[in-house]
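In this document, chain identifiers A, B, C and D correspond to the written order of the chains, with residue numbering beginning at 1 in each.
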Amino acid sequence: MTESQTQTLLRQFETLLLIRACEEQLVELNRQGAPDTCSSIGQEACAVGVIDALEARDRILTNHRSAAHLIARGAEPERIFAEVLGRIDGYCGGRSGTLHIAARELGIVLTSTIVGGELSLAPGVALAQKMGHGDPGAITAVFFGDGAACEGIFHEALNLAALWQLPLLFVCENNQWQAYVHRLETMADAAITAWAEGHGIATQSVDGNDIEAVHSAAKSAVAAIRADGRPQFLELRTYRLRGHSGQDDQAYVNADELRYWRSRDPLLLLRQRLSEAGGLDAHTFAALQHDAHTRIEQAVAFAQASPWPDAASLTEQVYA
Amino acid sequence: MTESQTQTLLRQFETLLLIRACEEQLVELNRQGAPDTCSSIGQEACAVGVIDALEARDRILTNHRSAAHLIARGAEPERIFAEVLGRIDGYCGGRSGTLHIAARELGIVLTSTIVGGELSLAPGVALAQKMGHGDPGAITAVFFGDGAACEGIFHEALNLAALWQLPLLFVCENNQWQAYVHRLETMADAAITAWAEGHGIATQSVDGNDIEAVHSAAKSAVAAIRADGRPQFLELRTYRLRGHSGQDDQAYVNADELRYWRSRDPLLLLRQRLSEAGGLDAHTFAALQHDAHTRIEQAVAFAQASPWPDAASLTEQVYA
Amino acid sequence: MTRMTTEQALTQALHEEMRRDERVLLMGEGAATKRPALAREFGPARVRNTPLAEAIIAGTAVGAAASGLRPVIDLLFAPCLTYAMDALVNSAGKLRYLSGGLCEFPLVTLAMTGSGWCVGGQHNHNLEAMFVHAPGLHVLMPSTAADSKGLLKAAIRDENPVLFFIDLGLLHQEGEVSDDPGDIVPIGKAAVPRHGRDVTLVSYAKTVPVCLQAAAELEQRGVSAEVIDLRSLKPLDTTCVLDSIARTGRLIIVHEASGLCGIAAELAALAVTRAFDALRAPVVRVTGPDAPAASSWALEQAAVPQAQQVVDAVLGLGLTGGHGGAAGEPAWRARA
Amino acid sequence: MTRMTTEQALTQALHEEMRRDERVLLMGEGAATKRPALAREFGPARVRNTPLAEAIIAGTAVGAAASGLRPVIDLLFAPCLTYAMDALVNSAGKLRYLSGGLCEFPLVTLAMTGSGWCVGGQHNHNLEAMFVHAPGLHVLMPSTAADSKGLLKAAIRDENPVLFFIDLGLLHQEGEVSDDPGDIVPIGKAAVPRHGRDVTLVSYAKTVPVCLQAAAELEQRGVSAEVIDLRSLKPLDTTCVLDSIARTGRLIIVHEASGLCGIAAELAALAVTRAFDALRAPVVRVTGPDAPAASSWALEQAAVPQAQQVVDAVLGLGLTGGHGGAAGEPAWRARA
């Protein structure tokens, strides 16, 4: 590994730590009575690997499981926590809560928590880019789950993107679960890429817990889209290490499967990789983790101090 | 050709003639002010070839372009015309009109004119069969267009049918048109079968204007479903020889394409085939055609004499 | 002014607005085929035939609207909107609010509905009230060619997602239409095509001419009826309706859609919550039944309010002392 | 009688009905995972986890219902119904009628909605009025554990397609529930949990307890309020409501959904079209706003009618002479 590669991985590792700390804190807050959230614990490498392959001019759409995408894109944990807690300083002034956070200043332009909603909206964002709105050469990336791939809108979005040659990167975080249903109860094993390939879209399926694999697949997909303007498809095989949301105890999860994927925790994998390359000793690791936790503690304090939105604003911004 | 093959084809030819005469009469009635209909002129071989491969115990779902399916299944033209004209003796008492005709006595159990609606309903009909309702060993056939294949529900229906191993025959009459849009403006050329194959469903694509090809493909698909209980997919490549509906003048249709497909009119093809096999001389042909027209004239007279539904019945049968 | 059909007026509105603003684009199943002059002038990037897939057409329009374009989508028939409900109701109607005002969705959705063509309940379903009930959307349904043009232009210029319903029964009716590309009809303002003193008839779309006919007949019988054409169902011009009720004291709402949780319910509620003291008689709803649209001409006609029913309803209020009770409402209407 | 939560009561209803009638099956995303006892007893053919695809779940239920089965589907959250609208509105609601009565669709669709969990507008949208407006469907939304059980059982036995809305805010509230598997609560009958003379408070789901609380407070102030729990939104128990209005002369409708073309509009219309002479005061709607549900607890609470608002609305009718005009309605409500 070159020094610069190590530096990149180290920076990415810091982001993974921040996301993990954020998600763990959200679970803890929920345990204390704050609103429920869908954590991306176990899937952090997908978010960071893909978003690091995008540029500031690019646009992103995400869904209910968005904290990792937000943080990978540089969102302030302060404003994420404020949003989840329903406070005025949240990215959406507390209106969204955890489920539909958009942050246009970061290029995270639309978020839908209707499963498949992000897929319905993404071609339009890419169409606007193709028709000259936004920065030249910009593309759109849409994050969605394996569950969303079961919705009919997935098929419609793939067909339109292929047909109209839209600069759109489909990123399926296949975390094996669709709320309380295992993916293999809903589809054949290799179904998702088979469906995408049925639309003639170039497809890659990679280990979503290996950030280098994700990052390099994403980079090549993004380059291809910028070169020919056509959509690309990325399946990231990963795992939802916690329950669907909040305090879900995963009682319905096969213990062996969970054990297997825990051993493949993306943070563990990257830490090993960095250690082996001599880029991360125990001391540095402890320091980085401490930084992440400190940052999150500050964020929570900020959020808890943020005022509630004024009830008088209840019907503002329904209409333009 | 064996004598029995010739007899089969001759019987099928009579049905084609009856469908054609029916459709032409519907166009003429519309010209005179009766409601608009979507004619299956050019697609008759699809209906007859598939439905002849089914048994009485099987169930059928169709859509807005249903006259051929109805007649192929033995529907009385009298009651079809009465239905189109909104009269009490129609299959649905005039409630449906042309667009949603169901005829449960014939096993044509549900018809939706929402494009894709038939696809949404069909797995449920097949599920009931699989779970022991209806006749043992029965299967369901659902007819739909290439346009319907663009709707997301197509993907959802394929996935569910494959996953739950439903005894369901998907029959896509790919007539190259989706109302006023050519199919190739909406999808890649081989898209429909590629989509079905993406679901791991066994697929055949045959010349829909060649009734023997359709019939033999349908027979093998039906046999396969009865044998293993899994869905099968049939793409019938055909052509909508008239406009989308009523008096549509097809001004937007490429003249060469239309000329090509007119030369491949399924009635023409079967007539040639029968003539070559010595099963149909000019005299017999004229006699058969005369019979078909006479039957249709009677049907129209019946329908026109049928009373209008009573306005007092307007809100009956909304609720059970 | 030029005489033209509603269909022509709508196409003209599209033409003018696409010329005025290059961000406007038209998408739909057959949008280019059916409006070839637009396709020629603005090309395939701005006038797009789409796959037959309402959900993605609508979703794409919503995404594009949030990203600098101003899409108009033609979803053909109102019942097809059921496939586009997520994009329209959950995305266009809610994401501006839920994001704290971060985006706007300037987009127009066209859909036809209404009786007259015997197409039956899966192509003819007056479900506009569903979109009035949902937050964040505007809903228009004009009755004249002129309003169709002027309101469609206003809708295209509006920053909100607009549902624009076209009454199939009015599509080929002619009217005088303004030639000035600058003329629009403001959203949210009702028209009063006939002034009167004794009773207010509120309607929209196909039943506006029905009310005007009823008003003419009522005049013969010494009753002066005011006719209000809502045009815009959301926002509703409550001021216009309340002013009229304040003068007439009597309200009859007439429309083809079911009255149950429909516009008629909303206006009756408006009257009894905000004009109670002015009301001198029961409000009457003369609406379509709680039933799908039957295809048969005989049943289609029986479902659509007719002028005579409106006249009977008015006379049933005792205005000329001739009738009493719920006259004018056929039996099945009693349940709505 | 056994004390249990609404959630438990619903599961018990499913249990009993699946035992009684082997045609009943349960399908949905997580249906088997979340009700493991049912899955164990009735097996994977009758308790089915489904792919995440509401349109085909609903369509399959409709097709199966027409073919001898009696499906119950769990579509989780009301806003997800937007994906299933074609199957529910165009197929289940219309195809019986359009086929001339050839088939029936005995199926139940479960969906949760309502405030209390800070989930925001894409999981919390009280859109039950859309299904009341659409023809051919029944719509239920109970307020107690007992009614939840009894009505779900009735819905499963009914030959019509039923939308069964579960108020998220009531899911874990407990109540006494009948143990007799033969007990059902008839569809279309309102309950009157409190009788009164001066004013009728009509509500359903979460705001029924709100009205009961308001009624208790009003009693302190010498006002006797009757509280009607509709339970069934379609068919509506108009007789119960009209009888009450005939006695009290005053009507206040309270619900969390938007009032615009909502149940409140329908009931206000009912009053002014069919009980005009009995009305002694304006009808008042105390409802949620014409806005998506915001996630923030502060805004969620501001959107949901509270007992004090109901009390103020009643007092605003001048019943004790203390208040006048539109008191009790916050400013934004004036527009609805």
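Convention: a contact is a pair of C-beta atoms (placed from the backbone, for glycine too) under 8 Å apart; a residue touches a chain by one contact, two chains touch by 3 or more.
Note that this is a predicted model, so its numbers are computed, not measured.
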* Asked: Using direct touches as single steps, what is the fewest number of steps from subunit B over to subunit D?
  -> 1
* To do: Could you tell me which chain lies farthest from subunit A when each chain's centre is the average position of its Cα atoms?
  => B
* Asked: Distance from the CA centroid of subunit C to that of subunit D, rounded to the nearest Å?
  -> 28
* Between subunit B and subunit C, what is the separation of their C-alpha centroids in Å? -> 36
* At what distance in angstrom does the C-alpha mean of subunit B lie from that of subunit A? -> 46
* Calculate how many whole Å lie between the centre of subunit A and the centre of subunit C, each centre taken as the average of the chain's C-alpha atoms. => 42
* Hunt down the residues of subunit A that sit against at least two other chains at once, touch-wise. => 93-96, 100, 112, 114, 116-117, 150-153, 156, 159, 163, 186-187, 318
* For subunit D, jot down the residues that touch at least 2 other chains. => 50-51, 53, 55-56, 79, 82-83, 86, 90, 97-98, 120-122, 135-136, 289-292, 294-295
* Assign the assembly's chain-to-chain touch graph to one of these shapes: line, ring, star, complete, other. => complete
* To do: Report the residues of subunit A in contact with subunit C in the complex, numbered from low to high.
  => 59, 61, 90-96, 100, 102, 104, 109-112, 114, 116-117, 119-129, 131, 133-134, 152-153, 156-157, 159-160, 163-164, 316-320
* Asked: What part of subunit B is in contact with subunit A in the complex they form?
  -> 150-156, 159, 162-163, 186-188, 191, 194-195, 197-200
* Going by the contact rule at the top, pick out the subunit D residues touching subunit C in the complex. => 79, 82-83, 85-86, 89-90, 93-94, 97-98, 120-122, 125, 127, 129-130, 132-136, 234, 238, 257-266, 268-269, 271-274, 276-277, 279, 281-285, 289-292, 294-295, 326, 335
* Asked: Can you list the subunit C residues touching subunit A in their complex?
  -> 23, 25, 45, 48, 50-51, 53, 55-56, 58-69, 71, 86-87, 90-91, 95-106, 135-136, 138, 158-160
* Which bits of subunit B are touching subunit C when the two form their complex? -> 35-36, 86-87, 94-100, 112-117, 147-148, 150-152, 178-181, 185-187, 252, 308-315, 318
